[in-house]
Amino acid sequence: MMKKVITFGELLLRLAPKEYLRFSQASSFDLVYGGGESNVAVSLANYGVSVDFVTRLPKNYIGECAMMEMRKHGVGVDKIVWGGERLGIYYLEVGSGARGSNVVYDRANSSMATIKRGTINWKEVLQDATWFHWSGITPAISESAAQECLEAIKAAHELRITISTDLNYRSKLWQYGKTPKDIMPELLQYSNIILGDLDTAFFMLGKNKVHPDYQDEKSLPVLYDALFQSCPNLITAATTLRYSIGASHQQIGGVLYDGKSIFTADVKNVTPVVDRVGSGDAFMAGLIYGLIHNVDDQQRALNLAVAACCLKHTIKGDANLVTLEELEKLIGGDASGSIVR
Amino acid sequence: MMKKVITFGELLLRLAPKEYLRFSQASSFDLVYGGGESNVAVSLANYGVSVDFVTRLPKNYIGECAMMEMRKHGVGVDKIVWGGERLGIYYLEVGSGARGSNVVYDRANSSMATIKRGTINWKEVLQDATWFHWSGITPAISESAAQECLEAIKAAHELRITISTDLNYRSKLWQYGKTPKDIMPELLQYSNIILGDLDTAFFMLGKNKVHPDYQDEKSLPVLYDALFQSCPNLITAATTLRYSIGASHQQIGGVLYDGKSIFTADVKNVTPVVDRVGSGDAFMAGLIYGLIHNVDDQQRALNLAVAACCLKHTIKGDANLVTLEELEKLIGGDASGSIVR
Amino acid sequence: MMKKVITFGELLLRLAPKEYLRFSQASSFDLVYGGGESNVAVSLANYGVSVDFVTRLPKNYIGECAMMEMRKHGVGVDKIVWGGERLGIYYLEVGSGARGSNVVYDRANSSMATIKRGTINWKEVLQDATWFHWSGITPAISESAAQECLEAIKAAHELRITISTDLNYRSKLWQYGKTPKDIMPELLQYSNIILGDLDTAFFMLGKNKVHPDYQDEKSLPVLYDALFQSCPNLITAATTLRYSIGASHQQIGGVLYDGKSIFTADVKNVTPVVDRVGSGDAFMAGLIYGLIHNVDDQQRALNLAVAACCLKHTIKGDANLVTLEELEKLIGGDASGSIVR
Amino acid sequence: MMKKVITFGELLLRLAPKEYLRFSQASSFDLVYGGGESNVAVSLANYGVSVDFVTRLPKNYIGECAMMEMRKHGVGVDKIVWGGERLGIYYLEVGSGARGSNVVYDRANSSMATIKRGTINWKEVLQDATWFHWSGITPAISESAAQECLEAIKAAHELRITISTDLNYRSKLWQYGKTPKDIMPELLQYSNIILGDLDTAFFMLGKNKVHPDYQDEKSLPVLYDALFQSCPNLITAATTLRYSIGASHQQIGGVLYDGKSIFTADVKNVTPVVDRVGSGDAFMAGLIYGLIHNVDDQQRALNLAVAACCLKHTIKGDANLVTLEELEKLIGGDASGSIVR
Amino acid sequence: MMKKVITFGELLLRLAPKEYLRFSQASSFDLVYGGGESNVAVSLANYGVSVDFVTRLPKNYIGECAMMEMRKHGVGVDKIVWGGERLGIYYLEVGSGARGSNVVYDRANSSMATIKRGTINWKEVLQDATWFHWSGITPAISESAAQECLEAIKAAHELRITISTDLNYRSKLWQYGKTPKDIMPELLQYSNIILGDLDTAFFMLGKNKVHPDYQDEKSLPVLYDALFQSCPNLITAATTLRYSIGASHQQIGGVLYDGKSIFTADVKNVTPVVDRVGSGDAFMAGLIYGLIHNVDDQQRALNLAVAACCLKHTIKGDANLVTLEELEKLIGGDASGSIVR
Amino acid sequence: MMKKVITFGELLLRLAPKEYLRFSQASSFDLVYGGGESNVAVSLANYGVSVDFVTRLPKNYIGECAMMEMRKHGVGVDKIVWGGERLGIYYLEVGSGARGSNVVYDRANSSMATIKRGTINWKEVLQDATWFHWSGITPAISESAAQECLEAIKAAHELRITISTDLNYRSKLWQYGKTPKDIMPELLQYSNIILGDLDTAFFMLGKNKVHPDYQDEKSLPVLYDALFQSCPNLITAATTLRYSIGASHQQIGGVLYDGKSIFTADVKNVTPVVDRVGSGDAFMAGLIYGLIHNVDDQQRALNLAVAACCLKHTIKGDANLVTLEELEKLIGGDASGSIVR
């Protein structure tokens, strides 16, 4: 049977000056629509997976444009709910070299942030699904979004749907009076797959990462095991390794633990960087695709994730507009960027 | 002595698709910063008037860009207060012919809307001023903005500063539980100059415009006199006459009453229309300039206002980037648009 | 039950210099995707009609982009067949005033032109449909396209689906050795609705329009009756009236005959013209919408068609990106193009 | 034998904000190269006439770009001389409606202005020519340019080459201490064809236009005869009639006198105006083409001139990028701007 | 005597999304005109060589624009023949880092592909020439193009004109039922200079590259000698060395054999890459220039070729818009990219 | 007391093709305004220093735009004098890799070059200042500019204002008959801070750099001491170290001598390079800021200078639009260019 994935989260309008201009130099903003969970949905649609994106959008021209962009990329939009006042925005100034990119969030009071618990009939939305994906951004934007996220998770769990989570910690969010450790432990207990570094995981779970048996990388499993103990449904945990040499030069690798073994992927140099926003989401989508299509091949899932993450850096916009064939080519070792003609 | 004008209101970021594209066709937005009262300030600066714009802006890159744009045009920005979370936005889709322009407001919870009464030390701000301008937009955005506007007005009145008001009714605002008639009568009682059509004026004052002595245009003074009675400090009332033949063709005239006589300006055809947003503000600024510089020549003030309004339609953006010489040329009857070389 | 419309035809890539530049001045081409029948599909999707577009596209990046654009606008794309070598192109240089627009066709050997009879399983494609739309362009591009069009028409007729046809005569096509009168009479005999002027209709049917009883406009029905006699399934015939005052000024009206009465719509001035390509398709879509939703109100169907045609002139691109509300506003007499805010 | 035309003058870089932006709104300038006499050359090349443009350009990247643009349009560039320091510039702000276009000249000390008498070997340059064209701009830019212009004129006259002149009065030029009447009478005495209104002609000749026998338009020939007396080689005098309704609406006609009869062309409405710069040069080129190819048909020459002038208003840039077929179409009465497809 | 070069081949329209956008993100295409042999012509014109480009272009606006672009760059266009239906197109998506560029060809049935044997009067075209250049693309596009290419080669050979060939193997071409080894051996037997790697050369000649005496790089001459034996007129064979580290980083060197000695050029790093299309043509043009101007200095010819190839990577478009001075600077060892001011 | 800086120099219009296009490929120029001394002023304003820029601008639209750009960035413009004919221009073609950038100057006869001695009332201009900055460009553009520069320097010296100088040698200037050694010694004797490499310093002072005691880097102080002897008011001398690996890769360090000790900053890699113009001015401004705010910490001043210089390479335009926080981050060792969100 065709696997059907549902991703749930906020869709934002991104406004960015052209090229490497600073905000004060801009006379126009390039616009794209994106968000952690919609980026995962677009990636999966590109890989041929049947996927629906669930969110709440304002019933105005801007909300409709956001939906149309998802539809253009083959993501199902029929389960989107309409209401609220505004589409959240983030302004992005793209850096270069030693000058980092800047993000100005303007997403408070968005339609997604003002969603109420119970707005979405999750039983119905998830009825044909085999996979549900959410990220740590949704519980960070408002208390009611966190509540609705929990509703979704519980429904998915009841329906025995696989649940994946990208921890996605954003320090500028979590402004509504709760901290991650107040909210995330309950949500994460249902997760079967978690993406995120261990520091973030333990921080969100309100735990101390220090472990008596940890000495060096070889004893990494003891840390992961501690994570698995906190998240009883956890099957796979993965981390993007990212070393930032500069805004234009990143190094990308990955680690995956399946409860038994550690899998690693070689660190790849990524330079130049066209756009690094959404590279974590690209990793997540590669991982999901691999776990769906190659159930017993964790190494391949990790390789897909890392390749997707690397290629995302060459794509403008939030979403990773690459094909499976392009992932395979890079996994196969061809990073030559040569032209076929 | 050099006249010093203070205008007070909200500054917005305008995001508009290029040319006549619909929102769903846009891959970028042209950006300008504007707002009714800042537009008046820019116009006055263009005419050589010393002018400061007072508002509240968020202390982030976007707020700074908004301020820099005012400063670029020679408007004083030292009295701007910094705080709050966001710069308000309006999305503009420019129409053509029978297709009108569309505006999507996203200005709730802006730094200006969340201003608190007493944020600004009006005594200090107004100490060198001889003129204070506000519009009906500020009391429409939030209760606290309305309160701070009243503080400003009272301080100006106490300091015997001339107060001008553009009624600027926006039906999509006034969302905070009050209607114009709850708020505006108190504010308008201090106004010395009011711009707005009589319907709007009576609506805002909560009065019925029907008057027993009104029969036709010749008895227009009886309506204005009723307005003057409601606004004890009123000296001059003016109205923009606007007939919209289509998004690309407007007809613009004006009426002014000084408590004794009606002055009118011939209706001018304006076609094509490059951008009609801010044309009322252009009228207001022309009027203020005229009333400052030609105290006893109401006809000239009206002519300046109408010429400014007409020329604004040829300028992209909210602000009327024209010179006094250009106003004079049009008042002098030269609408030929010919090149001098 | 929800009406389901199928439109069938070629989708082209349009390449146009920016603004009013001539080809020799262009350093880039703006690109849109369009075509008579896909334009009808996009319009209907905008009006909330369930609609699928059927065509044949090359399985390369350009073909995929064309499909994605349809999908973005909510047109069903699942019935598109993939094959062939290329997407047809037309180059468009937009005129102004007395300088007309220029079209350079480069559509020979497109995937649609090389479609073979039997490529599409029409029984299956049309199974849920209640309306089938085709135009005179498809039989003009190649003999095999004409054959496949006939297959579609016959299948639709058998399934008792309403068939609408836009005559769409293009003198630069019909290059494969057949003339309209060799091909069109057989195809048109199944049409229930025909859009096109009478000269074109009689020309395509290989008939002489001269009629002994025709004297002036009042005897127009005698001509239409002759058309109805040639097309035994015809129920409604309509014509766009178009007077071209210049590339920037058109006058648009319409005539409709339902076998009994002549309906007319007032001629409207359309100026300026942003883009007149696709205005006939906009008329067609308005007509179809009206005939579907207001079965007994031919005047309303005509009004919708004319309003849609007028508004298309204000929209860049082939497709008429307007809403039903905008049609209603214009039908209601509001051509003022005013802003609501 | 193929007619060979030589035009002589200055080539300028035009820098213009996009669309209708004011200078202070521009973040980029669109660039074109143009000038009265080069515009005539490009027009003639478009009409299939063999034509060389003679000027002096700086030997730097900017000068080379200017030359390449001429070459692109098929104008001979082998006779251009290289030297001097800079290419002259003019900044153009395009107006709309009642706001006229603005020109800022920055052309002093250009390579053409600093040309020395004798720089060009006119005998050689003109050896294959049958027509020489110059305009009143060249003697206006510097004394040495005026001298070199006279050299050219004398050489052409000696070689019995037809000489045409566009009076092209520019009040912002003539800054070098001489006035037109000091310089132009000597130059104009060799002209066989003069384009310009009579006021300008008499002003440049230092004569009073008032004539005892002139009463109304019917006695126009008496004025022209006076002009002919001052210019002993004059055969044809023509004038563009231009009424400026606004920057976006011009009315264009023409008058021609051949020493015997007055010919006139109907005034045509030109709206909207894409770019009116160079429309006089377009008129001139149409006239030259007509006088070369239809020696005895003055009316046709005038019609070509007026049609070319009208169409220029629809073309961006200085040069009139239209074809003979387009002129013929407009002369034939088709101003419908319709698309052929 | 001035050397006169003729290059013969197809001219294509290149359509490319802006910057690094993927096809599905493009709302416009940047356009340039190019092709292997026209690129060589433009390079030679830049270096001051008299050069004509011969091709067949459609007589429509697009064909004319292609010609104008050649003319702009100083390439002779008088020998171009006009006819056929269309200009071939290639769509280019520019890659970055590990994501390679993509090319979609749409060049079937172009005016050049449908050229007939005998269309061009080669005796006449070549009469003043001293050098004729063709590439392996022309015989790859259609059988008749291959035939006309052979006609040209034979005529050149008879006229004792030097013949150079770039092997330019394109696997996506050769679609007309012949393979390189069916066609190329006859054509290559007249070549005096061949550019291409040995694998391609032997493949096209239908030979096995394996040679009993070849062991390592030192015995490279034995392979070249085998090539010389297959091509009896061969004097010089050269190869571009290219190592693709990624789409943004190339390494470029070269090898040349003159029948006696191997010449090599140091491999240079080229990063970043602005546009690598046409870098082989740039190498070819540098080689031709060197062989024409420095007959006995093969090392210099190779150095010029490699320098030109490197610099091409910094230029947008197909053609290598650099000067001889820039080549010399790089050959001289200055790759610092410093500004002179 | 707030330190007040005055910088004095020429403001130029920069015209540059988009991205990496060559001049001959440009259809538009991006425009910025800049110049060595205005760049210093903008930097200082960004760092919160009160600063005025003094220059002479033409009273036309272009001059006004230049002033508005300074005002936008918070630089005081009230002391600018208006007059003269033109704003100087420089055309910039941005290089990449081994292809260097090209500059074409067109700045002769600018309003600044034609300034007369005594135009500016320096006593008044400098009355509130504590720092005066000039560079070697001003005395290079014309004799009268050199004279006025001397007037300024003398006035500053009399007022005991700190004087800083960037040697800024431009070989393409100095065209008015004087060489640096004729002019600079007198000007430099008043300088308290000099930025420039020692070769340039000695060249400008007309001295031989060879020194008997100089052996290697360790004896660098002997050279600096010689410089200090020639410039009796000198307190601090600094040099930017710049190694150009290519147009896209620079290495930046710095050296400072305070009469006692040598301070050095580590050489940093800067790649890619967005725009290197103005990086020396950025260094200068960082130095000035450091010397003003950290009087006794020469190492910190140098670090600020080097960090500012590095970051400038990531900013498009002449001026270094970075904040103090960004300088601090880089000085603190964070060159990761990571995003905070």
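For reference, chains read A, B, C, D, E and F in written order, and residue numbers begin at 1 within each chain.
Everything that follows uses one rule, which is that a contact is a pair of C-beta atoms (placed from the backbone, for glycine too) under 8 Å apart; a residue touches a chain by one contact, two chains touch by 3 or more.
Remember, predicted model here, so these are calculated numbers, not experimental data.
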Between the pairs B-D and A-C, the one where more C-beta pairs touch: B-D
Repeated interface matching D-F, over half of the contact pairs identical, chosen among B-C, A-B or E-F: A-B
Where subunit B and subunit F are represented by their mean Cα positions, the distance between them in whole Å: 43
Separation of subunit B from subunit E, taking each centre as the mean of its C-alpha atoms, in whole Å: 63
Per-residue overlap in subunit A, given as positions that touch at least 2 other chains: 19, 24-25, 27, 68, 72-73, 102, 272
Sites on subunit C touched by subunit B in the complex: 19, 72-73, 268, 270-274, 310-311, 313-317, 321-322, 326, 330, 335-341
Touching residues (chain side subunit F, partner subunit D) in the complex: 15, 18, 23-24, 26-31, 60-62, 64-65, 68, 85-87, 89, 91, 93, 102, 104, 106, 108-109
Residue numbers on subunit F that touch subunit E, as the complex places them: 19-22, 24-25, 90, 95-103, 105, 170-172, 244-248, 272, 276-277
In the complex, subunit C residues that touch subunit A: 68-69, 71-74
